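For clarity, chains are labelled A, B, C and D in written order, and residue numbers in each chain start from 1.
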Amino acid sequence: MGPRPEEVLITAIAGMLEGLGHIAVGASSPIPGAAALLARERSAGTTRVSILGSERNNFFTDGGKELFDCAGQGRIDAFFLSGAQIDGAANVNLVSIGDPDRPKARFPGSFGSGYLYFVVPRVILFRLEHTPRTLVERVDFISAPGFSEDGVYRPGGPHKLITDRCLFDVDRDRRRFRLESVHPGHTLEEIVEQTGFAFDIPPGGVPETPVPDDDTLEVIRTRVAGQIAEIYPDFAARVFATPTH
Amino acid sequence: MGPRPEEVLITAIAGMLEGLGHIAVGASSPIPGAAALLARERSAGTTRVSILGSERNNFFTDGGKELFDCAGQGRIDAFFLSGAQIDGAANVNLVSIGDPDRPKARFPGSFGSGYLYFVVPRVILFRLEHTPRTLVERVDFISAPGFSEDGVYRPGGPHKLITDRCLFDVDRDRRRFRLESVHPGHTLEEIVEQTGFAFDIPPGGVPETPVPDDDTLEVIRTRVAGQIAEIYPDFAARVFATPTH
Amino acid sequence: MLATVVPVEDLAARIPDGATVALPPDYGYCALGAVHALIRRGACRLRLLGVPAIGFQGDMLIGAGCVETVETAAMTLSEYGLCPRFTAAVKAGTITVVDSTCPAIHAALQAAEKAIPFIPLRGLIGSDILARRDDWKLIDNPFAPGDPVVLLPALHPDVALFHAPMADRFGNVWVGVRREQMLMAHAAASTFVTVERIVDGNLMDDERTKAGTIPGLYVTALAEAEGGAWPMGIPGGYEPDRAHLARYAELARTEEGFAAWLEATVMSRPAAAE
Amino acid sequence: MLATVVPVEDLAARIPDGATVALPPDYGYCALGAVHALIRRGACRLRLLGVPAIGFQGDMLIGAGCVETVETAAMTLSEYGLCPRFTAAVKAGTITVVDSTCPAIHAALQAAEKAIPFIPLRGLIGSDILARRDDWKLIDNPFAPGDPVVLLPALHPDVALFHAPMADRFGNVWVGVRREQMLMAHAAASTFVTVERIVDGNLMDDERTKAGTIPGLYVTALAEAEGGAWPMGIPGGYEPDRAHLARYAELARTEEGFAAWLEATVMSRPAAAE
């Protein structure tokens, strides 16, 4: 069987995590979680993965604050953020649409984004619904800004934006996204149409997002699937047909 | 057998602790420790005692900082401080004599005094050696000042000063000590001679420090001695002839 | 010193109207039994504080009209979706939301724990979280001019309310690695805890249980409440009642559905203390 | 991820000259075996940090000429008296002492743990501790003008060095209620730990041991060293060697006595790694 869309995403994200010492994954993030586990499998024991919101995979022992303290200390190399809206300046909105005091839509809230986005070197923006509704010109509420003024303490920031249609790189100098690759089955035209913000398209064409080779697929479907099933049984059952327990 | 000098001190100090909710006692403080235990015995279960530096009687679970955090929260009503020098303005010196950079004498250091003296409502100064060498006009180094300028956050401060010769009360308005009572066997003249700082003597004479009554002596020699022997076996053996183990 | 042990209804009665009540997230130990008792007693004007997020218990309190403000990093039912009564109340403008971020809540509680007036925090600059917080200050780092940094004032909850697997007769409460509950107890003026069971002996006597125990010193009153987290679960104990939680999430989408859930689940349960 | 496990001498070799080394007090878990190895390797210009006080291990390092500065709330041998080599060095002006107070050291380490540039602390105003600290600042509380408050910059030790009863193969180290050692590990750039024994399994798997465990994430390298606190004891483990400690306190009163103690106790012991 050929690679499933989830497996393309998992492989693409794992490529962003290569050689990192410590990857943390937030709650309810099965694809980033699987990607982190794949990166760990490939690291020959040098990559550490913390998966939060999972009792079994939470290795912190100093209460809710430890993830943030740990990230502030520079001990977390990569983290994932999503957003109800993400805009072309990499701002993330997890709060509301419209006036925040009388919103048209209200989302859960910013969680730790207003901090982690500043201190984790590789923050990978991850949003499966790639539409003009989610990828907007300007977010209605900035839970966490994509970039900061000179002088603001900011060792961290956006590294990539991955959606169900494509992968964007981040141009930190120009403070914009640049299309890096288009996932198999999707087109540049579709992406331009479905993206609410302006972004750069490199001259000379945009490659297709690489699909996992057979060895990678084997690792994903055996060792990674087995581990992810312990944390996200429904996801594993749906994608890998892993038996739930 | 009549009251021993230690038992007079224990009883006098316990009197300062009556009705308090939580008394903390530092390391190596057998007489204050015994006084706190006596106060607890008399409280019918409403007084809590924490004895530090004792594994068995340390009820904190958040590391070395918890004592200080707890005191800052207003959850410790009384604490004891000593000093290599204590002066007439209730300043405490736990650091050095002479120039601190090339001292004539160097002591261990200030421990937590520079903080606890500010936040614990009843700090009881305790110094068994009452001489002009220890009770001085002006300390050589202020580990913790007796009083603070207006506007400085200071819910705590000196409550009494007790020595092997007498008990001083603290006049917070005049920022001076006032002789409250003279221990049995000692005299006012001796105290004036042996005190390096000026202090107030109330008109009309100074009473003798009360000696414990028979009931109190009984409690000290049985229940208190038994508990203190677990923490300070040498002290208990010397003062109460409690068998060491 | 022995703990004050009371029935759950009495515990709830000790939490006054208008109190700022710190609550753990759904993945912590939630005192749902006590929360239901709060609703039964008609608590009002509560100011909820999520440490750092709140789920079902907050949505239930909001739906029952007990809540005036919510300060939190998030309100979420996780895999069960958005908090429906919270969302409705925000849209209707019947509650005030003070948006925060997880580390800001932890840090501001640590400031209260340390009895310091404020604490700095990195991040936040340029966010609308900061822009909308009049109570936070952006200053220039006194140690390195040209380095802006946010200061958060200490957060002093009136009440911390949570559940735990066990306590002893001295009021020592075992929370294991759920140390945000210890932080809440240190920071709050009063701490009320329901526990699965009150055990014999002293949790401080075993070095292993001691390491995960909140000393009785910080615990205002305890109630023994087996299953006191229901319909939430307790990690390492029992599982959440997923069917009930899913039904709640469904019913609470409408005011009528919530009212029916409330009547059937909370109001009609005999109060233990009556 | 597996821990780096090395012999004690190698552990000491990884602590560079000139490093700021955070050490626990005598009533904590002290890695005396590693300290002796540091002396054997001729470590120099160390900057000791007492968390919050230091005892025997600091006096030994000072006597052996390994130390340039000491920042601490106290240097004490407790019931064995003053620290004789420390006292001699201070009087001779061969080390620099930076006097602090216990909560300032804890708070400044917490600032490093939280990656905040500074932290306020109450107290201290009017003390000579503050008067002599050019690195601390007295500011007006930005939230309440007219309220002076001290700010401490974060303290970032290069190294935390301590002992513990046990660790596992993943580098998780159990310290129980000795959480100042966890704070040291969080705050320090590198953490070196000697342990009585490396156990099978994973300390994180049991909720009770997990609550008192430093995750391997913070542990740079481990050495297995049974009796590694000797001549100190470990709480809940073995008692201090009181006769040896008393002899040390006596011998160290003179330079010659200390040299004899050093030769007999430290220098002539065969290094495990040689």
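FYI, contacts are C-beta pairs under 8 Å (C-beta built on N, C-alpha and C of every residue); 3 or more make two chains touch, one makes a residue touch a chain.
In this text the structure is predicted, and so the values were computed from the model without any measurement.
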By label order, what chains touch chain B and chain D together? C
With chain centres set to the mean of the C-alpha atoms, which chain is at the far end from chain C? B
Set B-C beside A-C; more C-beta pairs touch across A-C
Please work out the Cα centroid separation of chain A and chain B, and write it as a whole number of Å. 59
Inter-centroid spacing, chain D versus chain A (mean Cα positions, whole Å): 40
Can you compute the centre-to-centre distance for chain A and chain C, using the mean CA position of each chain? Integer Å is fine. 29
Hey, what residues on chain C touch two or more of the other chains? 107, 110, 114-116, 121-122, 147, 149, 177, 182, 210-212, 236
In chain B, what residues contact two or more other chains? 60-62, 65, 68-69, 72, 119
Complete list of chain pairs which touch one another: A-C, A-D, B-C, B-D, C-D
Inside the complex, what are the residues of chain D that reach chain A? 1-2, 112-116, 182, 186, 204, 210-218
Sites on chain C touched by chain D in the complex: 107, 110, 114-122, 137, 139, 141-144, 147, 149, 151, 153, 176-177, 207-212, 236
Quick check: in the complex, which residue numbers of chain A touch chain D? 22, 45-48, 50, 59-62, 65, 68-75, 119
Residues of chain A that touch chain C when the two form their complex: 27-28, 53, 55, 58, 60-65, 68-69, 72, 94-96, 100-103, 106-119, 141-145, 148-149, 151-153
Along chain D, where are the residues that touch chain B in the complex? 25, 27, 51-53, 72-76, 78-79, 82-83, 86-87, 90-91, 93, 97, 99-104, 106-107, 110, 121-132, 146-149, 177-183, 235-236
